[in-house]
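Following are the structures in question.
Presented sequentially are two complexes of chain A, the first with chain B as partner and the second with chain C.
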Partner chain A sequence: MEHAYLGIDVGSISTKGVIIDKDNRILSSEYRWTEGDPIGAVKELVRSLEAGFDKEKYKIVATGTTGSARKLAGTIVGATMVKNEITAHAVGTTTFYPEVRTILEIGGQDSKIILVENGVAVDYAMNTLCAAGTGAFLSSQAKRLGIEVEEIGDIALRSKHPTPIAARCTVFAESDLVHKIQNGHSREDIIAGVCNAVVANYLNNVGKGKKIESPIVFQGGVSKNTGVVAAFERTLGCKVIVDENGHLMGALGAAILAKKSGNRNEFDFSMEEMEFHTREVTCGRCTNNCEIICVYRNGQMIDFWGNRCERGANFK
Partner chain B sequence: MDKPITIGLPRAMLYYRYKTLWHSFFEELGFSVIESAPTSKLTLEEGAALAIDEACLSLKIFLGHVKALIGKCDYILIPRISNFGINHEMCCRFEALYDLTRNVFRESGQKFLTYNADMIQKKSEWAAFMGLGQFFGFTVKAANKAYRTAKKAEQRQQKAEQKKQELLYRSEKIKILIAAHSYVICDAYIGKPVIEFLKGSDVVPIRADVIDPEDGAKAGKELSPTCKWQINREILGSIVQNRDKTDGIILLSAFPCGPDSMVNEIIARRVKDLPILNLVMDGQNGTAGVETRLESFIDIIRFKEGKL
Partner chain C sequence: MDLHRKISFPRIARYNCAIKYIIEMGTGASYIMQPEMTKRTMEIGTKYSPDYVCTPFKSSLGSMIEALEAGADTILMTNGLCRLGYYGELQEQILRDLGYRFDFINLSEYVTGKLKDYLKAVKRIDPKVKLPRFLLALKDGLKMGEYVDNITEEYYKNCGFEVTKGEYKKAFRQFLSKMETARSRGEMDAGYQAALQTMGQIPVDKPEKPLQVGILGEFFTVMDAFSNLDLEQHLADMGVEVHRWMNVKNRMLHYSGEKNLNIKIRDLCSYEMGPTSTANIWCAREYAEQGFDGLIHVKSAGCTPEIDVMPVLQNISADYKIPVLYLTYDSQTSDVGLMTRLEAFYDMIRMRKRVL
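Up next, the complex of A and B:
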């Protein structure tokens, strides 16, 4: 049996999974919406991954999880490596693009920039308090304009004169946008303006003070939006690479990190049949009132977290 | 005195800078000194309810600590510390703190105690402490003796802390300098989880605020000759003195901090040879966002050193 490695990236909007062999070749991959149910999404993801995977030839010896639900996902799949999404994306991208200097990433609720020198990440920044200029902003504006978020790119590319839209803050951007609509700007110009605003916002916030050097790889859900890609290329004045597997880079990074770490625990596909649920409990043993999350498998608690101190450590 | 007068110290803001001085001075004069308990979620919630929305997280925490002391002591000490000279100034919160707090709690019946340190107005710390002594009927001689003893204790404590800090630089592990106000980094609710996370990740966190104030302010001129704020000057000085001995810097600040928002920008622009993480704490409940940022920052340093 050859060894294979599973990587799962559970984001706020979408859940991605990939199985790779020892040479980082993709054996099976899957992408689906998280829809506010990370546990259900992971189970469905594993089911789809299993369908396209040769269990006679390979066995999964290590599993890595990443994304904002990495801890929860890691617990239910028995991960050997749980890693933050920045490191996972850096590792995934540099494995496939060793020459890359800048990684731009815009996801559903956060955005980041990773600077790379000689194949290793040397600096990064992430959006701070608000989710301005992320996928969530694009989705809500698409809804306002009565189009699907997937259509934004094609419509934006038809625009000749993108409408300037205030980019500093999403709330201001939105009121500016409404004003421009009511003033009679055409829909494609508005939509192209929204794409420009996302880019301007990203470069003003996350990219502030960072030296963006080429080659540039753009990923995260928003990289599927050709309007935003075009706006980046126009603003930065150079080509921006969007990999067809760009959305899988976090999952790939998690799988590669799991492979590298040396921790081994054979993955069991039967987890998709098990029943998992979580329960939030307030500890109440001191005035911090920590919210502790308990995870149960088939009714038995397998893990918990969220306590700030030892008083909550032996939580039952 | 039958029963000693009790002085309450809110465990927030300048408490961390002056705790030895305050304790020693009042105890020397025969007072009893109590402190509020370390910050918890409740402290922050209660403080936030008393503050205006725009107040900084540290001020909200401070008000929570004052509330915890109301009725538990005879006086709550809240000095007005304005400056140590031109361009050695404190954030205006510290000028307003006494008046602001007294007004917030004006119906509580609680008595507050203050002193005024303002070198631009020629009001020294010494004179302020003599005033405190006189207020309670002590002679200048007795107050002066207590102040001298307290100053010595303060220096001993500072030297001991600085020495302990120096030893940390000898560690072989990854060392990260935390540039933060002491009331942010020492706070049990906002700073301590960051320190604990770093320690748990096999990293040595080193406090930039532990530095001789005069030396620090002098050294800080290299990064900004015109910085207005004393505490930020000291932190800048610590970065100048220690940047060669650390692997990265975390700029840890409480939202929204005026001085930090400006000075941290200066640091990010002028310190180009070290990875820098800008971490703004906003009293959010979950620690996930903070952990993601800290973890990836440590990974970046390990990447650089080829350890990942």
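Up next, the complex of A and C:
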């Protein structure tokens, strides 16, 4: 049986999964909404991955998880590698684009920039304290304008004169946008303006002080938005590469990292039938009141975390 | 009226033992040690603070309230070279509005550069103070601060490499508790020497060229482990030699002076830039020249002097090809976001070192 590797990326908005073989070819992939239920999303994800996967020919020998719910996902799937999304994205992208110099990534709640030299990340930045200029902003504005977030790109590309929209902060951008709508700007122009605002915000906040060099790869959910891609190309004055699997890059990175590390633990598809739940407990052994998260599988506690000192370490 | 004061000072890093020593050995007052800061400290501090003020204001206000709850009748508050200089006045007013009854000694009112004004502050702590006794206690107390810094440096440089987990932490704790109970220079010296010796004997497994990271930034947040969510410990636990020049010893006790330091960074910035900015810029370049693998710049949200430092750090980062991670802290107490950034930073400098 040939070896295969599973990578799962659980983000705030979407959950992504891939199974790759030893040459990093994708055997099965899936993308779905997290909908505030990371455990449920991972189980559904695994079910879909299983359907498109040849279990007679391959077996999954290592599993990597990444994304903001990487720890929780890692516990329930028995991951051999739990990695932050910045490293996973850098590793995934440099594997498929060894020449890349700049990785732009805009997800649902966060955005990051990774600078690469000689195939290794040398600098990065991630948005802090604020989700301005991320997918969350785009989807709330799409809702306001009565369109699907998937349609934004095509509509934006039809605009000849994008409306300038204040880009410093989501709240300001929103009130500026409302004023412009009420003033009679066309919908295409407004939507193209929103795309420009996302780019301007990204470059001013996350990209501030960073030298953006070509080749540039743009990924994360927002990279599927052709309006934002066009805005990036216009602002940066060069081509921006969007991989058809760009949305899976974090999951691919996690799978590649799991493959590279020596840890092996055969993945068991039966986890999709198991019952998982979490419980939050306040430790209460000092005034820090750490919120400890306990994870249960079929009623049995399998892991817990969240304690900041050893008083909560033997928590049961 | 009982003139014997029960004094407390907001929690700051690991220095309260030295303040306690100066107060108790140098004057007739006693010192009230409030509990270490926890999530509750931050909650009450945030609740009564203006929203946009920097985080050290909130945590120190919370810590003052916990000191009053612990029985202090006098709060001592420091002066400062940035907005910190105004904090005492505002915090006193907030505490009075909350209905607490206490005396407030705000050093901002006394730090004028004139010796007689400093004396006034000491006289307010204890009108019957014997000056030679106070000066001796001050000298020894400052020495204790220096000892704390030396051991802290030793700790973060090595604890990530110990063979048996927990040995460094144990030695560090023993040292700190000895400093807290020391009643004489002799006890203090003995505790220090013992800690040096114990730490020197702990077996470490350190590679010839370990990953070295320099931490710099705003004075309070960079030194206070509670405020920076234990940044240095997390980094050390990943197997990093953690260096931090910014401490009381280097910035206050043996500081070469704003002018002397500024002259060394004239090519990077033309003006003197404020409380710790000159030192941080100088220090960042020192680390870069020593071939460190990365720098981490720490500040609380809205810290103007440190925001001014960032463009210069970006130049240093480009000139010396050294990655800089910028961390901004607010009153959040979850370290999930911090860990994501820190793990990524660690992965990056490790992979980079392998390639270069």
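Everything below uses one rule, namely that the second predicted complex is superposed on the first by the 316 of 316 C-alpha atoms of A that agree within 3 Å, B and C clash if a C-alpha of one lies under 4 Å from a C-alpha of the other, contacts with A are read in each partner's own complex, and residues count from 1 in each chain.
The rule is simple: a residue touches a chain if its C-beta (ideal position, glycine included) is under 8 Å from a C-beta of that chain, and two chains touch if they have at least 3 such contacts.
What you see is a predicted model; the values in this text were computed from it and never measured.
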{"item": "Room on chain A for both chain B and chain C (clash or fit)", "value": "clash"}
{"item": "Which of chain B and chain C A:K211 touches, first, second, both or neither", "value": "second"}
{"item": "Chain B versus chain C as contact partner of A:A121, first or second or both or neither", "value": "both"}
{"item": "Partner chain in contact with A:T287 - chain B first, chain C second, else both or neither", "value": "both"}
{"item": "Touched partner set for A:M274, first chain B, second chain C, both or neither", "value": "neither"}
{"item": "Partner chain(s) touched by A:E85 [first = chain B, second = chain C, both, neither]", "value": "both"}
{"item": "Residues of chain A that lie at the interface with chain B and also at the interface with chain C", "value": "68, 83-87, 90, 120-126, 128-129, 209, 286-290, 308"}
{"item": "Chain C residues within the chain A interface of the complex", "value": "35, 38-41, 230, 301, 310-311, 314, 317-318, 321, 323-324, 326-328, 330, 335-337, 339-341, 343-345, 347-348, 351-352, 354-355"}
{"item": "Contact set on chain A toward chain C in their complex", "value": "68, 83-87, 90, 118-126, 128-129, 209, 211, 286-290, 308"}
{"item": "In the complex, chain A residues that touch chain B", "value": "68, 83-87, 90, 120-126, 128-129, 209, 286-291, 308"}
{"item": "Residues of chain B that touch chain A when the two form their complex", "value": "40-43, 189, 193, 255, 268-269, 275, 278, 280, 282, 285, 287-288, 291-293, 295-297, 299-300, 303-304, 306, 308"}
